[in-house]
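Two complexes come next, and they have one chain in common, chain A, joined by chain B in the first and chain C in the second.
Right after this comes the complex of A and B.
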């Protein structure tokens, strides 16, 4: 189908892209780095990170809401994307610092001396001065960018192939994906994993070669990149689920045995969806962590993937804009409540401190949405559109 | 006429219970065949074996002119080979429109990338219309399958089977829960389908079997008890004892 025809048949996608463009323009005009300065640099970063979370939520909606695979491991792919780009960011920046320091040395340093110095800088914190084999490509931006896509993609492909081929479904598959995330997180926590243990990769907000660009401007660049990624990702998934392919994966969600008797290889479809969404999750992570500045194993902990499912459930499964709404509303509310933005409520005998009570509020919110809005916040939009 | 499906000496045991016992059935290339028998006679298990859902302990299931063994093929491979199955309970995709249900079933390449890059063709649309016409759902194409009546869902499922263009249709209790008028329509549908392909109907309801007016196979305890016209088998003393007499 030609692109124009596709968009014309998708009013919701057009609406979404329009809103995203307006939002991007609005933030740009108000941002410190470009426009009036009403929005602080850290606020722009939070908004840019939120767009990345929206992107992974859209991917989660496709794999869960459309294809019925409740993956509790997609945040692992997000984290891997962050680690992949973080390795280059850290290596290249350390290389710059080390080379500069060694320039003043009486004898010009050799290749090995530079590599050793970089390794010492990066791994001193975990008591090592060897550059692990894992970092073999860290000097090259194109190679690490390829890793952003390849590592989550291959991991999802192998994991998915094993799980789907054995016809693991439902809650058992959820548990399996959860175990994968937990195993990855525990592995990364080890100091000798080659990725700096619980320190993670830090200083990622400093982009090598762009030292002269202020953070206010950089934050806006990343914000634009995140908005573009969300727009393209949304468009791609809207296309994926629009026609017969979308029909087949929704049918798999509702009755996979029946789809088999129609002659479709259910496992192949699940594998394609699982892998594609994992790749998109990796890309979202690679954009998120340079804005966050740090990626560590705690990010990959199982709880993160459960939050992801909660966002999609609150936003409304099976509609892509629902996932965006859920991720944006819940993650922004979370940073407002836990970041000290919400005023504490003094009840006289007890003070409600939102940093502690936010999770309780989120829990009640989740129960309330499940009870009163089974189609999520996105479902309310559906009803409004149908009425008008 | 040569057989399209040849089941010979098939046995299957579930936890010590022998559901199918050295069963041999031959299905010709075209025409209707009814399979009747009391509960637990192995009717549904027979379908499960042919469609790849259950693996038999012994025996052979041979398909088509090339005499391919169906044992060891996956459900989807068997479906692609040309065997369509209709379940007892109508199983259509209720959250999707009648058109989407039929489009999914329509004979076309089934791989994920082929489906992703396929385009809607006028040809496919015409075939969907033809089938919708045939099953009496031409006006219901844009409706959600979940909104259809019970009988309409049964027809939609038969329509999905026709769309697959199978050479053998296995139909499990198609008339269950239908009004007399709906039964008549269903009988016509099956008879017409049987003119160009083999149709095997599992049925409990003798009245419906009589309407089908075809060769009947009686199963009992996982084996063939009698075979022939309905009048012939209903006169058989053994059949009367195990099935009709009760």
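Right after this comes the complex of A and C.
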């Protein structure tokens, strides 16, 4: 099917891409257009990060909402993407600093001396001075970019192959994926994991070689990159689920056994979906963490992946724009409430301070959405569209 | 008058006697003059002077000397400023004469200056008093003396210990003396046969003091020489390439001043940097010195020109290492003794391995019962009913906080525990029933969405607890009778709380099995979970049963919370720490079966302790590997260890 025909058959996708383009334009104008910038740099960063979260939410929607696999481990792939790009960012930046320092020495440094100095800088905090083998590719941006795609992809492929092959489904699969992300985060918490233990990788907001570019501009670049990634990712998944492939995975969601009896290799379909979404999650993470500035093992604790599922559920499963709405609404509301943006409510005898009470509200909000809006916020849209 | 030789002899003898026993006259009368002879050492205690003074006082044979020293080291002696006389001061602040014990009145604290020996001086006194204290009439003093010997054993203690052994009346002290004598003999005994016998007696003895003695005897020091020294007690000869690397061997040579050190890359760089001339070193331009090979070439050029000292290159290192032997010698010179000690040690090591195995099993059992307690409520709500309750961990937390609140109101820890257990059950039972009625009931047809709704409740409850109790950990104190530990020997031991948790886990297992298999409620629960429609048509009210079952599972979580809170601290996040592990326990064990949960908890508990045993410093790694193992395990047994068969298995 030609691309034009595909888009013509998908008004929702066109609408979404249009909105995204408008939003990007709006943010750019507000941040740069009036000289000083109406939107602060940190706000641009938050919006860019939110777009990355929307991208992983879209991936989650495909794997859960379309294929019926409730993965509670997709944030692990997100984190791996962040670690992969973070290794290059940290290595290259430290290399720049170290080389500069060593150049002032009377004799030019050897390769080993540079590597040792970099390792000392990066791993001094965990009491080591050797560069682990894991960092073998860290000097090269293209190789680490390949890692962003390959490591989550391979992990998902192996894990998914093992799990789907032995027909682990439903809740069991959820718990298994949760165990995976727990194991990964526990592993990374160790100081000798080769990734700086609970310190994580930090200083990622400084891009090597771009020291002369102010953070305001950098954050806008990352915002554009995030918007582009979200647009492309959305387009790709919209195309994927619109085709016959989409029909098959929806059928797997609704009745796996029947699809198998019809002669489809259910496991292969699931594996493709699981792996593709993991790769997209990795890419989203690689764009997210340079804007956040730090990636540490706490990021991929099981609770993060549960939040991801909750965003998708609140936004509305089985419709890609629903995932985007859910992720954007919940994460932006979270930062508004916990950031002190919301005014405290004085009840006379007690003052409701939103930094303390936001999670309570959010928690009961989940319950309310699950009970009364099973199709999520996206479902409300559907109803309105159908009525008009 | 003719001199009387006999008489003269007598005079000489008397004179000699007087010389030999200089203080014989004082002994009967008073101690104070003797003390005045050593007044400097007594009035200003110092480690350097105390030894001689103590020896002098004790050798005087004065019966009160030991008592004086004891009081002196306990800071019970003061000096009268007016005349420098020493006085005893008792606890009430009263002063007494040293000789005769007459009370001295009319002195204020300004008239006397206190004497305060420091810890070092007191140790000197204590050591000197030990031989005397060994036959002291007070058994407490004898015990203290024995403890002092055990802390710092010395060769000189053998004789007084042996002497006091025969007159010891207390059986327990006698055994302790005999044991210390064995230890001392093994280490310092003058007679070789005695030592060998004592060492053999220590074989397989796992007590730390026995092991310390054997380790002392078999202590080794590394050595290096051109050839093996004659007459030394060589423990073993080290082969370069097998027991130690060439670099390590060379390091030992360097440490023993038998070879010049190897230059490090840094030395090389510094040496070159000092020889820069017009932008080049040794004829090589500076910018080309960015590899190790080029630097070595530059150094060789400098060496040829005689401008830097020669360095020991790889060939010299090899030659130097080959020209020497590396070995370890025992500090104990007698080879027969060390051989016996090594043999005794290996017997001990075997014994220790055995006990460590037993200890590991106890640890595993204890961890397994904690996992079981945390998971057993889940085994009902998730295992039997199929409800994924992410707020299960928060029920554990609620139980623990209930215990904490009860302790605020009921100060007696035993009573508060007795109150807290049923109250925690009641609180979480109520919470569970409310949750089932309000939320879960509407979601029975959508199991994955139960996960989301209960997760929402979980984070709301967690934050509520944080708002009410604050973020810092709250203590849940165990009563005294749970505070101790069950110690079998120096290696095998377990704290009483863990025993209590184990017992509690057993009680729950029995109770749950009884309820599910032997009561009407259990029958109805099983009927409703297998086929709600059919059960309803038989007159069972499924709503009521679901409510009660969920309440039961939640209530058990509450009690588990009290138990867990007793050995870990109570925080708002404590439940979250157990939730993933609990789900894994249930899944690994097999859903829908209490025995399965037991099997799952046992496997996970023992596995984790087993992995920790290989690498005790790293519990994080142990947890990681255990989870990886579980992931693999589920691949091969997707239905868990105890899988249901037939229709009960569902799909």
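By our rule, the second predicted complex is superposed on the first by the 383 of 388 C-alpha atoms of A that agree within 3 Å, B and C clash if a C-alpha of one lies under 4 Å from a C-alpha of the other, contacts with A are read in each partner's own complex, and residues count from 1 in each chain.
By definition in this document, a contact is a pair of C-beta atoms (placed from the backbone, for glycine too) under 8 Å apart; a residue touches a chain by one contact, two chains touch by 3 or more.
All of these numbers come straight from a predicted model, not from anything done at the bench.
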Just to be sure I read the superposition right, which of the two partners does A:265 touch: chain B = first, chain C = second, or both, or neither? first
Contact-wise, after the overlay, does A:167 reach chain B, chain C, both or neither (first, second, both, neither)? second
First, second, both or neither for A:130, with chain B first and chain C second: neither
Partner with the higher number of touched chain A residues, chain C or chain B: C
What is the contact status of A:176 with respect to chain B (first) and chain C (second): first, second, both, or neither? second
Once chain A of both complexes is superposed, is A:211 in touch with chain B (first), chain C (second), both, or neither? neither
Contacts from chain A onto chain C in the complex sit at residues 70, 105-113, 159, 162-163, 165-168, 170-172, 174-176, 178-180, 182-183, 186-187, 189-190, 302-303, 306, 309-310, 313, 356-357, 359-367, 370-371, 374
For the complex, give me every residue of chain A touching chain B. 1, 240, 243-245, 247-248, 250-251, 254-255, 257-258, 260-266, 268-269, 272
Which bits of chain B are touching chain A when the two form their complex? 51, 53, 74-76, 79-80, 84-85, 87, 91, 93-96, 100, 103-105, 110-113, 115-116, 118-120, 160, 164
Chain A touches which residues of chain C in the complex? 265, 269, 272-273, 276, 281, 286-287, 289-292, 295, 388, 390, 439, 442-443, 446-449, 451-453, 455-464, 466-467, 576, 580, 583-584, 587, 618, 620-621, 623-624, 627-628, 630-632, 634-636, 638
